[in-house]
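First chain written, first letter: the chains are A, B, C, D and E, and each begins at residue 1.
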Amino acid sequence: MLEVRDLVAGYGLTRVLEGVSLDVTAGEIVAVLGSNGAGKTTLNMVLSGLVKPRSGEVRFAGERITGLSPAQVMARGLIQVPEGRKIFPNLNVRENLELGSYRRAKANRAKNLEKVFATFPRLRERVAQAAGTLSGGEQQMLAIGRGMMAEPKLLILDEPSLGLSPLLVEEMFTLIRRLHGEGLAIMLVEQNVAQSLDLADRAYVLEHGAFALAGPAAEVRENPELKRAYLGL
Amino acid sequence: MTARDVLPILLFGAVAALLPVFVTAGTLLNFAIFTLILCLAAQGWNILGGFGGQYSFGHAAFFGTGAYATAVLQVRYGVNPYVTFLAGIALASVVGWVIGFLSFRSGLRGSYFALVTLAFAEVFRVLSNAVPFTGGAAGLLIPLNQRAANFQFESRGWFYLLVLALVVVALLLTRALERSRLGAQLVAVRENEDAARAVGVDALRVKLSAITLSAAMTGAAGGLYAQYFLYLDSTIAYGTWISVEALLAPIIGGAGTVFGPVIGAVILHTLAEATRMMVGRIPGIDLVIYGVLLILVVRFPPRNLLPWLRGRR
Amino acid sequence: RAQPAAIKLGILQPVTGALAQDGEYGRLGAELAINEINATGGIKALGGAQIQMVFGDARSSPEGGTAEVERMQAEGVVAVVGGFASPICLASSQAASRYDLPYVADVGVSDAIVTRGLKNTFRFSPGFGSITAAALDNLVKLNDAAGKPAKTVVVVHEDGLFGSGMARLMGAELPKRGFEVLETISHPTPARDMSNIALRIRALNPDLIIPSSYYAEFVLLSRTLQQRRIRPKGIYCVLNGAASNYRFVREFPDAANLVMDVNHWADPRKPKTAELRRQVEAQNRFWLYNTPMNYSAVMLVADALERAGAADRAKVIDAIAATDGKFDRHIMPYGPTRFVNGQNQAGQAVNTQIQGNDIKVIFPAEFADAQAVFPWPA
Amino acid sequence: MSFLQIRNVSMRFGGLMAVSDASFDVAEGSITGLIGPNGAGKTTLFAIVSGFQKPTSGQVLWRGAEITARPPHVLAAEGLSRTFQIVQPFAGLSVRENIAVGAFLRHRRRADAIALAEQVAEQVGLTAELDKPAAALTVSGRKRVELGKALATQPKLLLLDEVLAGLNPSEVRDIVPVVRAIRDSGVTVLMIEHVMQAVMNLCESVHVLAQGRIIASGTPAEVVATPAVVEAYLGHGAASRLSGGAHA
Amino acid sequence: MRNFPPEIVMEAVANGLLTGAVYGLVALGLTLVYGVLHIINFAHGALLTLAMYAAWVAWAAFGLDPYVAILPLVPIFFALGYGVQRLVIGPASRGEDSNILLVTLGLSIVLENAMLAIFRSDTLSVQVDYAMEVIEAGPMLLSFPRVVGFGVAFVVAAVLFVLLRMTDTGRAIRAVAKERTGAALVGIDVGHVYAVTFGIGTACLAVAACLLLPSFYVNPRVGNAFVLVAFTIVVLGGMGSVPGALLGGLVIGVVESLSGLYLGDSLGQLGIFVIFILVLLFKPTGLFGARA
């Protein structure tokens, strides 16, 4: 479904990604791990079209999407829930969610809204509150909810558990599992290494702009190098 | 401040001071004097807007106060112009402090601050046009009396050197500010006021210091203007033209850098002068060209083309 | 014989910015004069030297005027004519004085222009004091002649130099001459709305309205008065932008008819005036006072050049100062020219009235080409 | 006498009680945890303690004296410093300059402030990024800057709002000793944290806030065993992991 | 202070309301552009002037009544605003707010002087037979063109309000105002939304121009007279708020009218600015409190 080949990207004079290749096939959960600053978010930004790659190719559902605008990428069903949430602080919760289906799945808006509210009852309680005044965790729920409104084919989650209480983290992983169960392909960027690996089918470990490790999640988990570097064991 | 901080400024002063030696053409001296006066006004704006991030659209309020104080006190009360010039600076900084106190205390930021300064300048303009002691709508004429003791010089060269000296002082002050605690705190307030407060920056005090200093510099520019052109009215003193001039130069040349306003003012006025030459049968064409060049300068900023112009942070 | 070197003459006008309209018409006048001089053999005393115009845009600001004077000086002009607005005239004549460069102000009415003791500065036209004095005298004469129909007055003025000064004077002088000033109303330029002024006037119901505004504002005012059906016994303008402007007469004949003005105006009895007006209208421009005034000021310099016999600044200054009644190439309704401290003592404003499709001079009698219609027929 | 006392603090936003009648103490020299579900009012409480918001009612006492609603910069000067959950860097400035702003609080001279900033940067592991603009840092870098700025004010009480969020387990492991070292240098720490691994490791006592109220207080071990806390905050999975495999 | 008979005061208030609605329309464009681009559009006045010239040309060259000219001018000015943002302001400002400021400033210089070059400095007006008509409302005489202006301004404000609140485009406009990256990620074309916003703001000016022209005049600097008032209104109404702009316009219209009546038009301006400063100092979110 998603094929990334030899992607090189960066900001100004610095190169962040130095030839990254990765695949996500339909219905699978892929975890992308890596220390801080490894370039995970940059990779997501390139996939979503917000950062233009210097070379390399991205294909989605068989179509080359390198260099497309974020709107065009998004319209094809590749949806990202970004790091730092990027919700619309001046709009209320409902409006935020409705804009999730600005370019996709507009017809099913009401239905999907219900679905999101069912997933995050807290959001229903806050429908008319300006999103900027939500607590950190509530904002994270809103961001995920907004992503779901677009009926993604592939959902990229950039550190979705950031700032969530352990209970909610657990619920979130349950949710990811459920979405996955419904056939959704997910690319999960997480610091929560142990739980991500439990969930994922396959995993990539990004280091210094390139993948140092890749393979089935179970194998990656057992890799001693990973244990040392990321699990603090 | 180290020698490295001060040297470029002194060098600039020294080189610029040679101008009257080589150039006697009134056109150029007149141009240089006017540009330097605007440099001073712009440096004032830069302190508050560039370093402090508080964009003012009403620096005319300070310019005009400096100008009117300089003129009114000598015309109406016969005070020596050098004294009235200093009084103008003092009065402008008081006005700066008061406007700053009112707006910063009520938490005005961003465009709200910009608009309130604009409104203050307008209030001053309307008032100065109506009250008698500013000469009202008829304006105020400083009697011609070309003696150095009278802050009017037979030869323009002297006036030029005096303005240049003041610009150098302003540059040194800005550099000192940049290197000081106040400067660091000011920049911090610009970047993120809440974060600055959290690490112990008294944002109100810092901003008030900045606006006071800023107003003083721009007020000095006003005083020089009055003393040079010897005529003032409400639109000259408090008109939007000077508020715009004051912000244009630093933004073009690099806001929040010591040399930004100077570079910007020189670029802008050279452009203006150059296009002025093109005045043809149809009025306005030259200004159309000027406007287009202005947009192009923003699009391709000279500070990007010439990185060394950028001025060290 | 080789053609003598052209003589450069600086023409300074604000053709951009707030005063652009006036500057345009001023430049037109100067151009027409220069063309005429050149077409009729140039400056004869200088072997028929042609006059070359060095034009400068004062950009509606004093510093703009100053910068242009500097440039003209660098280009070696023999004199500068123009300025239009008082602040521009004040600043630029002073800049010119550094170089002993003769400066002839075209319009600038501030009396400070000729009272600073600058040797180089002249004004051919009347200043503020003499204009307003004439305005008052003529008003009294007009009212007396009509049997004193007007007793109460409302003064409306723009809040700049012209308007405010005029209003202050009217406030002080009118009561001495038997008029009651009910109210003095000022407005900014540009003004967005005149309904309030109209309302106040309606409430006060004066016999006479004395407005002093720029073109657009007066048009707005008179149209609003018309719309609100406010009809005093007369509208008597002083130094007004519109009541001496043919555009107003053409576009709003109903509002314009019978409005009076005290202003600069060309002498309607001189054949040259009509000829010049035809030339201007042939260019699709309207006939405004700026044009004849600049025409006349340029002629003044040309006359001085003839008498000086040299394109030498000091000699030109002396020659202008010595101008006398023999100077007759101007087209203003002035008596014999005589300069005292740079001011032409004969310069005077005249009363005009819009009558039908035309602007007529109604005062003083020796220049008048029509009878005043006052009070307005009901 | 207690170091920091929070007395019956309530905060209302329109119809919402973000904090209601919360009271607890922080002992001098301790590392105290404040945990609770999302939206419980933890950050709001920090904003109140640090002077950014004025509580609807209640008091904050600092070494016995009331400091409620004093402006933040005054509190910072008195030794009370906070970090922000949504990091607030001086985006256009370099890391060095960012931290130096904090250092200027107690050092008038530029050289001194810069020296202290560099020292603090080392402490929080930012030496390599000193010249980078703060805006170009990754999440963890920004969190460290946040910590560095606060530390550079040489506080007596440090309020840390989720500085560990976004760090991977090994980075969390790296930063735990940093926090401990801060405490050992004489700074009292009050931290909001969802990373229970760190809370268990670091804190001597923990207060749990839920829907604006304190629902439990005690040692980490006590608190994670409290059923109400498990119910509202931890969930059973985390609770069993913590009590089972606790390697504290 | 002078005492005016009640019918005069009433008429002053009515006039203020009528004029204020059109001010509100001018402010509407400004508030919208401000809300999204976060910058004060210095070219607003020049664009208004341009629209007035356009309406004048429509009348002088094509004999189009100014009210009829609204129909072609609104789409034309929408396109113009769209293009200006897309092709000039956007690229030239490179995303920095202070640059947008300069670019709009440059644009205003270009426009104002281009109009000077093309139309000369003369003051132009249209002559339509209804310009002098009045509607008698009790003892009051209300200018017909102003009554029309009042009505149309309300309709435009209502349309815009609905657009911003109820449509996705409107929500997108508001979303982009605060969170550009987030907007891009939900598939909003940020550049397009900026341009649409600028286009709408400019289209508002086209309407305002057509409403003003029958009773007003046009010269190359006429727009400036309205910009300062428009700023006041925007602040009064809360930046970015559509109903605020209209209400603010009405309030300012009445304030201007009454202070003009009692203090004279010159000092009456002072009244507006003092109110402006007080509002800024004590209720900077605006009288009609748009959410911060």
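Methods note: contacts are C-beta pairs under 8 Å (C-beta built on N, C-alpha and C of every residue); 3 or more make two chains touch, one makes a residue touch a chain.
Small disclaimer: the values here were computed from a predicted structure and weren't measured.
Trainee: Which chains are in contact with both chain B and chain E?
Mentor: Output, common partners of chain B and chain E: C.
Trainee: In the touch network of chains, how many steps separate chain A from chain D on the shortest route?
Mentor: Tracing touching chains, the least step count from chain A to chain D comes to 1.
Trainee: Considering only mean CA positions as chain centres, point out the chain farthest from chain B.
Mentor: Farthest chain from chain B, going by C-alpha centroids: A.
Trainee: Would you mind pulling out the distance in Å between where the CA atoms of chain C average out and where those of chain D do?
Mentor: 75
Trainee: Find the geometric centre of each of chain B and chain D from their Cα atoms only, then give the gap between the two centres in Å, rounded to an integer.
Mentor: 44
Trainee: In chain B, which residues are in touch with two or more of the other chains?
Mentor: 126, 129-130, 283-284, 286-287, in rising order.
Trainee: At least two partner chains per residue is the criterion; list those residues in chain A.
Mentor: Counting only residues that touch two or more other chains, chain A contributes none.
Trainee: Can you list every residue of chain C that touches 2 or more other chains, as numbers and ranges?
Mentor: 15-16, 20, 23-24, 159, 188
Trainee: Please list each pair of chains that are touching.
Mentor: Pairs of chains that touch one another: A-D, A-E, B-C, B-D, B-E, C-E.
Trainee: Spell out the residues on chain E that touch chain B in their complex, using ranges where they run on.
Mentor: Listed in rising order, the residues of chain E that touch chain B are 34, 38-40, 88, 91-94, 98-99, 101-103, 105-117, 121, 220, 228, 231-232, 235, 239, 266-267, 269-270, 273-274, 276-277, 280-282, 284.
Trainee: In the complex, go through chain A and note every residue touching chain E.
Mentor: Those residues of chain A that touch chain E are 48-50, 69-71, 74-75, 79-80, 82, 85-91, 95-96, 98-100, 102-104, 106, 130, 132, 146, 150.
Trainee: Name, in rising order, each residue of chain E that touches chain A in their complex.
Mentor: Checking each residue of chain E against chain A gives 168, 171-172, 174-175, 177-179, 181-189, 291.
Trainee: Using the touch rule from the top, collect the residues of chain D that touch chain A in their complex.
Mentor: It comes out as residues 13, 35-40, 43, 85-86, 136-141, 162, 165-173, 194, 196, 232-235, 237-238.
Trainee: If you look only at chain B, which of its residues touch chain C in the complex?
Mentor: Against chain C, the touching part of chain B is residues 25-27, 30-31, 34, 126, 129-130, 136-139, 141, 143-144, 156, 229-231, 233, 236, 241, 276, 279, 283-284, 286-287.
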